[in-house]
Amino acid sequence: MDVGFIGLGRMGRPMASNLCRKGFRLTVNDINPEAVAELELLQARGAGTVAEAAAAGQVIVTMLPNSAIVEQVVGGAEGVLAHARPGSVVLDMSTIDPETTDRLARQAEARGIGFVDAPVGRLASHADRGESLFMVGAAPEHFETVRPLLEAMGSTIHHCGPVGSGTRTKLVNNFLAVASCQMNAEALALSQRFGLTLETTLEVLYGTTAVNGQLKIAWPTKVLKGDTDPGFTIDLAHKDLTLIVEAANAAKVPMPMAAAAREAFSTARARGFGGRDFSAMADALCDVAGIEKPRLRQA
Amino acid sequence: MDVGFIGLGRMGRPMASNLCRKGFRLTVNDINPEAVAELELLQARGAGTVAEAAAAGQVIVTMLPNSAIVEQVVGGAEGVLAHARPGSVVLDMSTIDPETTDRLARQAEARGIGFVDAPVGRLASHADRGESLFMVGAAPEHFETVRPLLEAMGSTIHHCGPVGSGTRTKLVNNFLAVASCQMNAEALALSQRFGLTLETTLEVLYGTTAVNGQLKIAWPTKVLKGDTDPGFTIDLAHKDLTLIVEAANAAKVPMPMAAAAREAFSTARARGFGGRDFSAMADALCDVAGIEKPRLRQA
Amino acid sequence: MDVGFIGLGRMGRPMASNLCRKGFRLTVNDINPEAVAELELLQARGAGTVAEAAAAGQVIVTMLPNSAIVEQVVGGAEGVLAHARPGSVVLDMSTIDPETTDRLARQAEARGIGFVDAPVGRLASHADRGESLFMVGAAPEHFETVRPLLEAMGSTIHHCGPVGSGTRTKLVNNFLAVASCQMNAEALALSQRFGLTLETTLEVLYGTTAVNGQLKIAWPTKVLKGDTDPGFTIDLAHKDLTLIVEAANAAKVPMPMAAAAREAFSTARARGFGGRDFSAMADALCDVAGIEKPRLRQA
Amino acid sequence: MDVGFIGLGRMGRPMASNLCRKGFRLTVNDINPEAVAELELLQARGAGTVAEAAAAGQVIVTMLPNSAIVEQVVGGAEGVLAHARPGSVVLDMSTIDPETTDRLARQAEARGIGFVDAPVGRLASHADRGESLFMVGAAPEHFETVRPLLEAMGSTIHHCGPVGSGTRTKLVNNFLAVASCQMNAEALALSQRFGLTLETTLEVLYGTTAVNGQLKIAWPTKVLKGDTDPGFTIDLAHKDLTLIVEAANAAKVPMPMAAAAREAFSTARARGFGGRDFSAMADALCDVAGIEKPRLRQA
């Protein structure tokens, strides 16, 4: 299948690479020529413009940093929708605000182009291994069209409903994942200040309904053993919380804990933790309050 | 072993019953004579005063509603410490503020009496079945003294550290368990307003680090199937959050999400949800915001 | 002086009218032809396009609803900057996010066009009477150019600094004005629940540093006497809080009270108070919590 | 008139002194003998026990640090109510939680003793000059009894309603006064980060409904000119916020901004600002976020 692929950043590059390796014929575009050159080594064709990449594919994948850029690259005068073939399908895998998704989907439909939103779950390291999780919003026929691509890039695919559902599901999911970090930070800062033994506290928490995925799965290999190299940065988590809080306010859903969490991430960023792994919210809070960081004793 | 047992409420009664059934000789006291009479049917001896129950035991168990009552019953002029035998051990299983625990432990030590704090985890229904979880703060020798009682009343025992550690661990644990309810409420209210399918949203969340114990274990059999009969009420959860937020403020640990969560529980109580199960925080938020309650379709 | 004026909504119309009445020669544009016709009665010239209005003025005033619309109307392909005369000055009086202001100012400068941001304080009724307050960001020479217009539309003019300073000052100002409403709502809800007499409570507050402008100046003639007809709606206040919280997060300034206030406004909107005066935040909180609304006894 | 006076701390000492100077015959008690000795120089009689001071007065004034101490000193076995003469009046001027006030008032009534709550507004420096403000809860006849004392100690007296109303009014008042500090801190931190000129920002704010008493009256002579010597410390402000938030939660009044403010004060205390003036909340936030402190240029 011919695929246009626009956006070869930290996530887009391995995703495009996996498509190439699994036999898709890619025409790729990015503002960074080195990223394009890297994909050309895998037999992708480099395109100098968005328009060229858009025109080349039965499916055009976009993997871009934020709503404004997606709006411009997909919906702009020289963008994807202006140059994609009728009958093709745009597969936007960026994490953006759902109203932008809805607007672009309507514009696509008016031009006889399909539109699927399929933001990506899990970390960049999963994308490297073709083990991403996708939350997909698509009409059934468009879902069937893009499914082979998704299977080439990831290992878990959720068809969440019509177009727009993927983006919205990701916001709900990432709210819990990201806000849990600040909630855990508060719990562990309290445990530390109380002079409790971290290992014992965790043993208790892991055996009750107090447990959560961040605390049980992610943190023991990251912040709790002192590794705050980013799998997913506090800056990116803050970006997601911003999308979540904005979308919730637009939809008149009061989310006071989400709002409190976002300000905590803002504090962490103001204090220089923005580039650290989002589990380092524990360190950021302990840093603010003068509390010893939570660390597991070496086995 | 001779055991004094003071406080035969919803939790204390099954705990004392389990002790009786497993061969401990109990002398029991409560302000409610019916509760005492019920235990007498299980061969416990009823005591008309706290002092009498305190004097009768090698271990004196207290299971009482709040810090002020524990302060009075244990530390008061006619209380447990004033009448317990030297060498006996007070086993306080109430959930109270840790500074009260510390103060009573010091008073006990000054009188040659041991003090153990062992607040109870899990629900009243677990206590009925002798399947409670205990978080224990105790010197090693006192822990050994009370261990047989704990084994008779529960199935999971965590020795968290010296006296005071049980109470503090419970606060950390219950913060996560209780605050998760409001976090989940916000997530599901957003999902509902977005028009997502609840079953699909949950399927996604259950497969990522967004998952938490409330959402995965507790809620599917409670609020999500429309059962808000209390296992643990919003009023009690609010009481715990109050202890947590107060203890954190006393210890100078900033917990903005905890504070936001408590106000959400306060809102729920103001709106008449106080007697509902704490999973009904989902309903309380949807009620405030005019959103359809999250309910799983019947299988 | 020849003036282009784009945006004849609830605020723009009286502002343009005051300019006409005081001798400026206006060329006006709006998407609503009735608003244009109304101004034509005051000798303004109606323009069918933004471009036509932009080309007609030595100063081009824009008074538009939000950042996206300003971006398009001022910076778009058929927008003000594309058609304004070199040497003219754009006077944007909309309330928008400051990064948009900065971006448009740079684009203007590149074309040899001046740019001034001068968002409007006070209410629509003040605009009617030519008594608005303006917070102006401008280079000194551009400030001198627009000053006669500002003097024709308002009675208080603050030159806050270079371009961008007007918008930023308005955000700081409106944060305090708007967030005070929720703070006052919490105070008065507490007073009501406590059973205190509203008049006495206010008498005390007015004599201490607890006082604020909303409580002292605005509320006695609005919500406290039962008038919640909008001078400034909760929806608009929520829009301003959104700009504030977003700008603060972008600038890494943690504002936990602002974030909490915004969720309270979101709750009020979810409950149908969005079209009420922003002093009705007091009613919204009392409505949520089942508390009697605060009302002054009739004199 | 014979007056018992218990509690000669930073506030109690000048209040008692003013009573002595204006002709009241005081019998004073404090745990600190030096404070008692100081009053003896003003012809007060020192009492070795609370009981002795209580028995000596037609009115017994208590000015104590917190609810627990008032409970013990007034309601305890060797306390004021146990030893006061029938027909005397207890005038509690401490700032405590209103439920304690109500409980003690009921105990007093049962013994034929009057009870008045009259917590003190304004700063210690006002108490020195006899210029305090009092918020009084009292039955009319008891109000008349204590009025001469209040007039000797302060310059503004508000009779807010029946017993309990003084304490409750103070909580409402201090919520606004104290929470305003964090609100102002957020506003000025934003202004500083935006690069605005502090003097200009204040000039704007002072002319709109954004103004508040802290910003206008208190701050220009304190934090904004670099003086953070305590008139009223962040620790005491945090104590008041704690009373407010607890009382609101007990009364089911959701106060999300109050809760957010309290965590901000907790952060400031964790960072060592607890002993500074409460206007230094501005410095505490700027310190956390790496923002230059707001300071007025020297005239």
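Lettered A, B, C and D in written order, each chain numbered from 1.
Rule of thumb we're sticking to: contacts are C-beta pairs under 8 Å (C-beta built on N, C-alpha and C of every residue); 3 or more make two chains touch, one makes a residue touch a chain.
Note that this is a predicted model, so its numbers are computed, not measured.
**Student:** Which chains are in contact with both chain A and chain B?
**Tutor:** Common contact partners of chain A and chain B, which must touch each of the two, are C, D.
**Student:** Do the two copies chain C and chain D share over half of their interface residue numbers, or under half; same or different?
**Tutor:** same
**Student:** Which chain is most remote from chain D in terms of Cα centres?
**Tutor:** A
**Student:** So how far apart, in whole Å, are chain A and chain D when each is placed at the average of its C-alpha atoms?
**Tutor:** 51
**Student:** Taking each chain's centre as the mean of its CA atoms, how far is chain C from chain D in angstrom?
**Tutor:** The answer is 38 Å.
**Student:** Quick one: report the Å distance separating chain B from chain D, using the average Cα coordinate of each chain.
**Tutor:** Here chain B and chain D have centroids separated by 35 Å.
**Student:** If you look at chain D, which of its residues touch at least two other chains?
**Tutor:** As it turns out, chain D has residues touching two or more other chains at 248, 252-256, 259-260, 263-264, 267, 270, 288-289.
**Student:** Where on chain D does chain C make contact in their complex?
**Tutor:** It comes out as residues 98, 121-122, 133, 135, 156, 158, 160-161, 165, 168-169, 171-177, 179-180, 182-184, 186-191, 193-197, 200-201, 203-205, 207-215, 217-218, 244, 247-248, 251-261, 263-264, 285, 288-289, 291.
**Student:** For a test of understanding, state which residues of chain D touch chain A in their complex under the given definition.
**Tutor:** The touching residues are 256, 260, 267, 270-271, 288-290.
**Student:** Which of the residues in chain C end up touching chain A in this complex?
**Tutor:** 77, 238, 242, 246, 248-249, 252-256, 259-260, 262-264, 266-267, 269-270
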